[in-house]
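Consider the two complexes below, in which subunit A is the common component and subunit B and subunit C are the respective partners.
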Partner chain A sequence: MNAPADISHPAGMPPPAGMPPDDPDAGDRGGAYPFASAIPFAAHAAVAFAGVGWLDHLIASLAPQAVKQIGTSYLIQYYHVPAAISMYLFFLLCAVAGIVVLATGSPVWDRRAHALGLTALLLNAIVLGTGMVWGKTAWGVWWDWADPRLLTSAVAFLMYLGYSMLQDALRDDPRRAKFAAIYGIVALLNLPLVHYAIKWFGTASHPADVKMKTPEISMTLSVAMSVFPVFWLLVYRWVHDRLALAARAETVMARLRRLEEDVR
Partner chain B sequence: MNASRAALAALVLAATAAPAAAEDGAAGDPHRWALWTSCTVVFALLTAFLVWTHRRTQADVRRLESAEERLSRLEKK
Partner chain C sequence: MTGWRAFSTVVRWDVAREMRRRSTLAAMAATALVVLFVLSFAVDARRADDPRIRAGLLWVTWILAGAVGAERAFRGGRDAMTDGFLLAPIPRASLFWGRTVSTFLFTTAMSALSIPVFLVLFDASVPSAGLAWLAAVSLLALLGMSALGVLLASMTSSVRGGDVLLRLLMLPVLLPAVAAAVTGTGQLLGGQDPGIRPAALLLAFDLTFLGAGHLLFDHAAEDRT
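Then we have the complex of A and B:
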């Protein structure tokens, strides 16, 4: 995905003839087009990947001890649990962005909410996928419909799949932002059900909480839960930049249509 | 790094993890099989998501380029 340098112009400079003026809502970082701020982007990427590298080092240093206690598959928890925590975070942020959209009507926050919802959907798929593989090893089954944690997680996936489909289906509808914001807020109501499913409804297969065997494992999991949201924010940023570019394309196309009508 | 390169990296990682998962599965080691299979799942999902993002971005770039050409022709008129 290369920066569309051939069609952009520097932030703060007047646009080329025929191009619409800079829209402050077209991007979050002051540029008329996404990917304008390469240095902050690279810094974000560096922090995310350095954090993952540090995590790898911690895992490698304690793995032999933990493998003896639990088995190699316990390493899955280092990305299954942080992915679940990140998923919670993105669900929450998506709803918060939706509240801001309802309060202000800001297209910037609308794009943020959309990108957060899509990233949360990816995280939900990763949580379900890695959980199923872990379940196959731990419980001998890929899926257990009687387990409330699994069921509510699957419902959350379907809800955010619906959120994504709603965004696409109402693409040209002026009410899209409002409907999507309300949907994102309502969908958040499922989050406590996912988190407290085992406490409220009991468990068939999924453990209530993963008990840490040693302080080292606990610390490494804490690092993983701190680092992974940074990485997923990077993914969110890619998605957000695409949505900003799409919005820019819509703006230019609308202006073009008006000009073509004037010429006729 | 941008999304297309990240997608390529994720694809390479998925392709690396999958044979290891198959090998451990064949060897009857469920723990190692689970670890490699879940790695493959994560990187495959990430790849699919980033490729989808990349393709839609490229489509938006083409729309912008096309619009700019049409604007340029209109100005000449």
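Then we have the complex of A and C:
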């Protein structure tokens, strides 16, 4: 999706005299990521979906072999592992964007941080879901209270749920950007602590990982690793553009209300 | 006013106000009492002889009561002190440290008050051998909880529905400290040696959130209305 057109003023008309500049990010039209405006949304989507299609084809060609050796559910790792890695990447980027917001107060980075946090939450849900399916076949249980990775993602899910609730609760508050940035940083700082806490104080030993190593499998996994970030960057871009659109609509509505009052 | 003097002023102000009104401590102690009673009904107190479960019940009580304390760190009625402080050219971090220390003192007092109730209700006893360790683990966990609570409460206190939001934000972040504290306390109540790990993790937790508070509090307390 391209950046929405500026509809706060009629085309070619300067803002009426006496009106304060009301565009929250006038002169600072950052996209979802650098050069986003040069890459059409459709092009990004085409690459992402082609990549996922290729990955699914590779996974499907592995299926007969996997079923013989371990079971089909093992194939879920091609979604689970790259989703988990992308999730941590998004957590990190969300905190980095938060640091930029605290340092500069930039609304562009605020929107990026917001979209990164929401996308990470969605990824987190996928990691938990695929992890549970995998755990059921590998270890025989849906939920293992001793697995540090599963529990770390569960705690992360709660933290980023809190992050999105904070964003929501402060929607009309000027302090929203800063507070959300602070919580994003706090949540990231907590992740290593959560990991070690569960590793050290978990109640049982972690079941051994299932490993299956053939050239096709490493090839599929590397395809998955490169396709996933591209796909989730697309999801992030979509979320980001929704937020940008909502912010712009808000600005236009505020302007209309002011004009209405002026007319009265 | 230097940072150190500002810090000690905040602590003395908070303690003096608490000595006069006793509102925070009363609220925390009442919460602890209610939670302990509910838990002793919910978990048959006579049969909860697994020390880890007992430790878990004790820490659930302290966390819920501690959240009440953190919530009140920035909401003691009209707080001229906080507002004046934020206007003055004093490093904001000293307000964070002062509030953290005073909240830590109140939380520790609440914990100390609730231990006898816990021991009676759950017919438990603390082995004297591990007493120093138990105190160390508890104090480390309560310090981290206070630091995190003060940092988050400085943001949520001025928001509508902020008390609910504070718990939503605080409890997941608190989980590693809870895991370490419950494990350590449980092993000590069971007469085992918990080793260095619970204390090490709690120390890391404290350093992380005291550091984060020191650096981020400036932004959290800005534009407070």
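The definition used in the following text is that the second predicted complex is superposed on the first by the 192 of 264 C-alpha atoms of A that agree within 3 Å, B and C clash if a C-alpha of one lies under 4 Å from a C-alpha of the other, contacts with A are read in each partner's own complex, and residues count from 1 in each chain.
In this text, contacts are C-beta pairs under 8 Å (C-beta built on N, C-alpha and C of every residue); 3 or more make two chains touch, one makes a residue touch a chain.
The structure displayed is predicted, hence computed values, not measured ones.
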item: Broader residue contact with subunit A after superposition on the shared chain, subunit B or subunit C; value: B
item: Subunit B versus subunit C as contact partner of A:Leu245, first or second or both or neither; value: first
item: Touched partner set for A:Ala125, first subunit B, second subunit C, both or neither; value: first
item: Which superposed partner A:His80 touches (first subunit B, second subunit C, both, neither); value: first
item: First, second, both or neither for A:Glu260, with subunit B first and subunit C second; value: first
item: Contacts of A:Val47 with subunit B and subunit C, given as first, second, both or neither; value: neither
item: First, second, both or neither for A:Leu92, with subunit B first and subunit C second; value: neither
item: Which superposed partner A:Met165 touches (first subunit B, second subunit C, both, neither); value: second
item: First (subunit B), second (subunit C), both or neither touched by A:Leu189; value: second
item: Subunit B-touching residues of subunit A, taken from the complex the two chains share; value: 1-4, 6-7, 17-19, 35, 45, 71-73, 75-76, 79-80, 83, 122, 125-126, 129-130, 133-134, 136-137, 235, 238-239, 241-242, 245-246, 248-249, 252-253, 255-256, 259-260, 263
item: Complex interface listing, subunit B residues touching subunit A; value: 1-4, 6, 29-35, 37-38, 41-42, 45-46, 49-50, 53-54, 56-58, 60-61, 63-65, 67-68, 70-72, 74-75, 77
item: Residue ranges of subunit A touching subunit C (in the complex, touch as defined); value: 102, 155, 158-159, 161-162, 165-166, 169-170, 173-175, 178-179, 181-183, 185-187, 189-190, 193-194, 196-198, 200-201
item: Residues of subunit C defined as touching subunit A within the complex; value: 148, 151-152, 155, 159-161, 165, 168-169, 171-173, 175-177, 179-180, 182-183, 197-198, 201, 204-205, 208-209, 212, 216, 219-220, 222-223
